[in-house]
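Paired with chain B in one complex and with chain C in the other, chain A is shared by the two complexes that follow.
Presenting the complex of A and B:
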């Protein structure tokens, strides 16, 4: 390739990479601003907006709620998802393709549809109002496909001869699962649970539809502030979420190797 | 494993999905054809008729899917040369992929806060523009199609890049080596690499199309209430307690996106 061509390629790649990280960088830079309003460029450096975050009771409450909801959803997702993955992989079920499509569909359908459907079900059929419990149940449905997909992928790659050997040695199905199959798929299942946790923690649309006075998650609180105001404390909160997201990315790389599974949904 | 054991293992999943996902979907479909207000008024297509006969909703429909289509097209055009460059410069693959994929795990509201800061009237983008073109008015990004498109482009880009990279990586390197000895680099790309990575390209394109059209948060935050797509209209109708119309809008969105979602799955399965 010509000299100029090489440079055009480099500049192009640099520009796309810059486009990718620029919104993250600006948040981090402006979160350390010393001004009372968002000013670019900031006139000084300070940690005052991070201090304001620490004193913000509403944010602390919604953060705690987000973690509780995501953790509870991940646990429910595990109990529903691992057996389902096992059944879908091992049992010759009628209509397996359809069952698999249903299992993954919470990630494929528009979030506003799922949120609206759940809200209508809660309000008109159950005749109650959204609560912590309904939020956890909704998020468990979101986590479920991640577990099924990750556990399913690990089951497909499993060496069946090890299970045959265990069976020949007299292990019952329960013991076989607990001592042979589960340990083998555990790393992948853990990665799936972690992805599901992050997906639940980050969800805005469904949490927004199902938000109630006692059950407003952190992304919903920030969403509401972002649509109404633009004070620097929002930049500090967003910057904190960026640190968390990048930390999670590093953690996931450790967990599941270089492959970045395609996560779906915004 | 016996069929009975399999069904037993599916029981917890059914216990979760049936009441929290499948039944609500059936109920929302039924709500969309229920007359507003009373339960005994029977089924009606009034909400659908209202949507399909109104200029306002048809414009929003065109906007929703026009946006999805343009974002998917632009992203594919942006990502293809990038992915190909990374295949040709493997030394840079890991760091550049890390930078492009970095936003994936960052909360979408935080990413949008970044775009709000970058694109505001007094933000850096407008500062650069006014330095280049002194005396001009600041460009109104927030609340406009342009701002929503930039943010959507940014949020969908990693999906398209990763899909294309996966497809290009799956090309047998000896095929590319052989092509390199026979043809100029441009020709290798157009006649060998691009055709072989078409499944990945289609997968990335369809994924970006689906996600962009169904996105609620991005048009809601960057559009600031002045940029309505089907997802934001559904939310507004829900707040206004016009549930039948919200349900009908959601069903229209689903009807348009379901074939796309199905196609995404097919290209995923077809991809090597």
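Presenting the complex of A and C:
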């Protein structure tokens, strides 16, 4: 490529990156503002809104709820998703393609639709009202396709001779799964669980439908506050989420980065 | 270390994949301490046969016996058979040592013995210093040795090897197959070795079984097979001999007259004689021939040089016989190049030729093999 072409490419990439990152940077800048209201640029630097965040009981409660829901959903997703991925990959199921599409459908359907459908299901079929348990169940539906997808991709890339080798060496099916198959796909499964966790953690639509008194997740609380207040504590909370997201991205790289060639095999 | 070498018997083993693929009615016996090579082109069923013996596939019919016990329906993990895979199939998330210990752990061997045994195996293949590495930190040849150590660590009664060297370069392959042969003989291992490379068969196997489209075509001691294949398929596959179509004439004790390439040749022949007029296929070594100028050997078969190829240490000359238009390959020590189309005389040492068993060479065979 020519010198000029390379520069045009660089400028283009920088522009796209700047476009997608600048709102985040503005939120971070706002969170360190010293003013009583959201003003850009802030007139002074302070950590007071982070302090306010720490004293804010409602935010702390919804943060705790979000973490609990996401973690529980990830665990349920793991126990449901890994066997589902194994069945889709190994068992000669009739209509495998359709089953796979169904397993991945929560990723493709609009969340508003899923939220509405689940609310209807809870109210009219289960004849109960939204609670912590129904919220967790709904989020598990969101996490499930991530696990199926990530575990499935790892299983497809797995060198089947590795399992044959374990069999000929004397491993019965239980040992084979626990010591060979599962460790080989574990990095991908962990990445899928982390993705699912994040997806559940910042979900608004489904949580909004299934929120119950005293069970409001962090994104819903932030959304509600943003509609009626103009207080930089919101920016501090959002910025904190950005820091957590960056941390998760670093973790993901560590999980899936070097492990990919090993699971794919020679 | 005591190692009970196994006796393997296959009786009428059949496993089909669709109407044409698979292995059909295989009978095979491997003696304790013997290394048998399953040789054939890809798709001939040799790997299928190996997987059947390991229990990774179930036969549709037939029996597999190891030391007299029927293991046809024994699960692979209960067979005690070592398997070295084409991709080596090392466990990527375990160290080399834990790879080698895996089979012992599965058998419930406790830690001090397990570690000692693994170390002994790794020392045996010269990788004692690499015990704590991960497989992907090793070269291809080292990984292949680890796979061998892992398979041997369980004291297998039978060792199965599925093209274990096909992804290594030539020089390394030559070195490793020599090491493998030495190890197999020292430990008196019963081994079944699958390859499509006849050089490997020659280097490692006491006996070679030639497979074609799921059936055994012929089996002989390896050196005998390479010197004197009995079938047209075997001769064509190995590519070290010439084949000529002829017609049987009358025979006498120990020999047979054959009308071939416009001449009559006296071929040494023991056993029952084919009826007069029956088509036969003659086979002879590419070295059992000589080429001459027309005036130097007027009694030779008239032919023309089709082409010549310089090979490692020798030259391969291919001539077309005037009488039958059949192609004959002659190996000679490196020579000056001869102009294509040169008229020559071919002398075949018929006392070194023999009549092949089975149906005469069909066009089908020659198409498949070229």
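We adopt the following convention: the second predicted complex is superposed on the first by the 242 of 266 C-alpha atoms of A that agree within 3 Å, B and C clash if a C-alpha of one lies under 4 Å from a C-alpha of the other, contacts with A are read in each partner's own complex, and residues count from 1 in each chain.
Here, a residue touches a chain if its C-beta (ideal position, glycine included) is under 8 Å from a C-beta of that chain, and two chains touch if they have at least 3 such contacts.
Just so we're clear, the structure is a prediction, and the values are computed from it rather than from any experiment.
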Exercise. Which partner does A:111 reach: the first (chain B), the second (chain C), both, or neither?
Worked result: first
* When the two structures are overlaid on chain A, which partner does A:133 contact: first (chain B), second (chain C), both, or neither? -> neither
Report task. Pick one for A:180: touches chain B only (first), chain C only (second), both, or neither. Result -> second
Next on the checklist: For A:159 in the superposed arrangement: first (chain B), second (chain C), both or neither?
Outcome noted: second
**Asked** Thinking of the overlay built on chain A, is A:90 touched by chain B (first), by chain C (second), by both, or by neither?
**Response** first
Which holds for A:167: it touches chain B only (first), chain C only (second), both, or neither?
second
Quiz prompt | First, second, both or neither for A:245, with chain B first and chain C second | solution = first
The intersection of the chain A residues contacting chain B with those contacting chain C is 262-263, 265-266
So, in the complex, the side of chain B touching chain A is made of residues 1-3, 5-13, 15-17, 19-25, 27-28, 31, 78, 81-82, 85-86, 89, 92, 94, 96, 99-118, 120, 122-124, 127, 154-155, 157-159, 162-163, 185, 207, 210-211, 214-218, 220-221, 224-225, 231, 234-235, 238, 243, 246-247, 250, 253-254, 257, 261, 264-265, 268
The residues of chain A that touch chain B in their complex are 1, 9, 12-13, 16-17, 19-27, 30, 38-41, 76, 79-81, 83-84, 86-88, 90-94, 99, 101-104, 106, 108-114, 116-121, 124-125, 137-138, 140-141, 144, 148, 173, 198, 201-202, 204-205, 208-209, 219, 222-223, 226-227, 230, 234-235, 237-239, 241-242, 244-246, 248-249, 252, 258, 260, 262-266
Within their complex, chain A touches chain C through residues 159, 161-162, 164-172, 175-176, 179-180, 183-184, 186, 261-263, 265-266
The residues of chain C that touch chain A in their complex are 51, 54-56, 75-83, 85-93, 102-103, 106-107, 136, 147, 150-151, 154, 160, 167
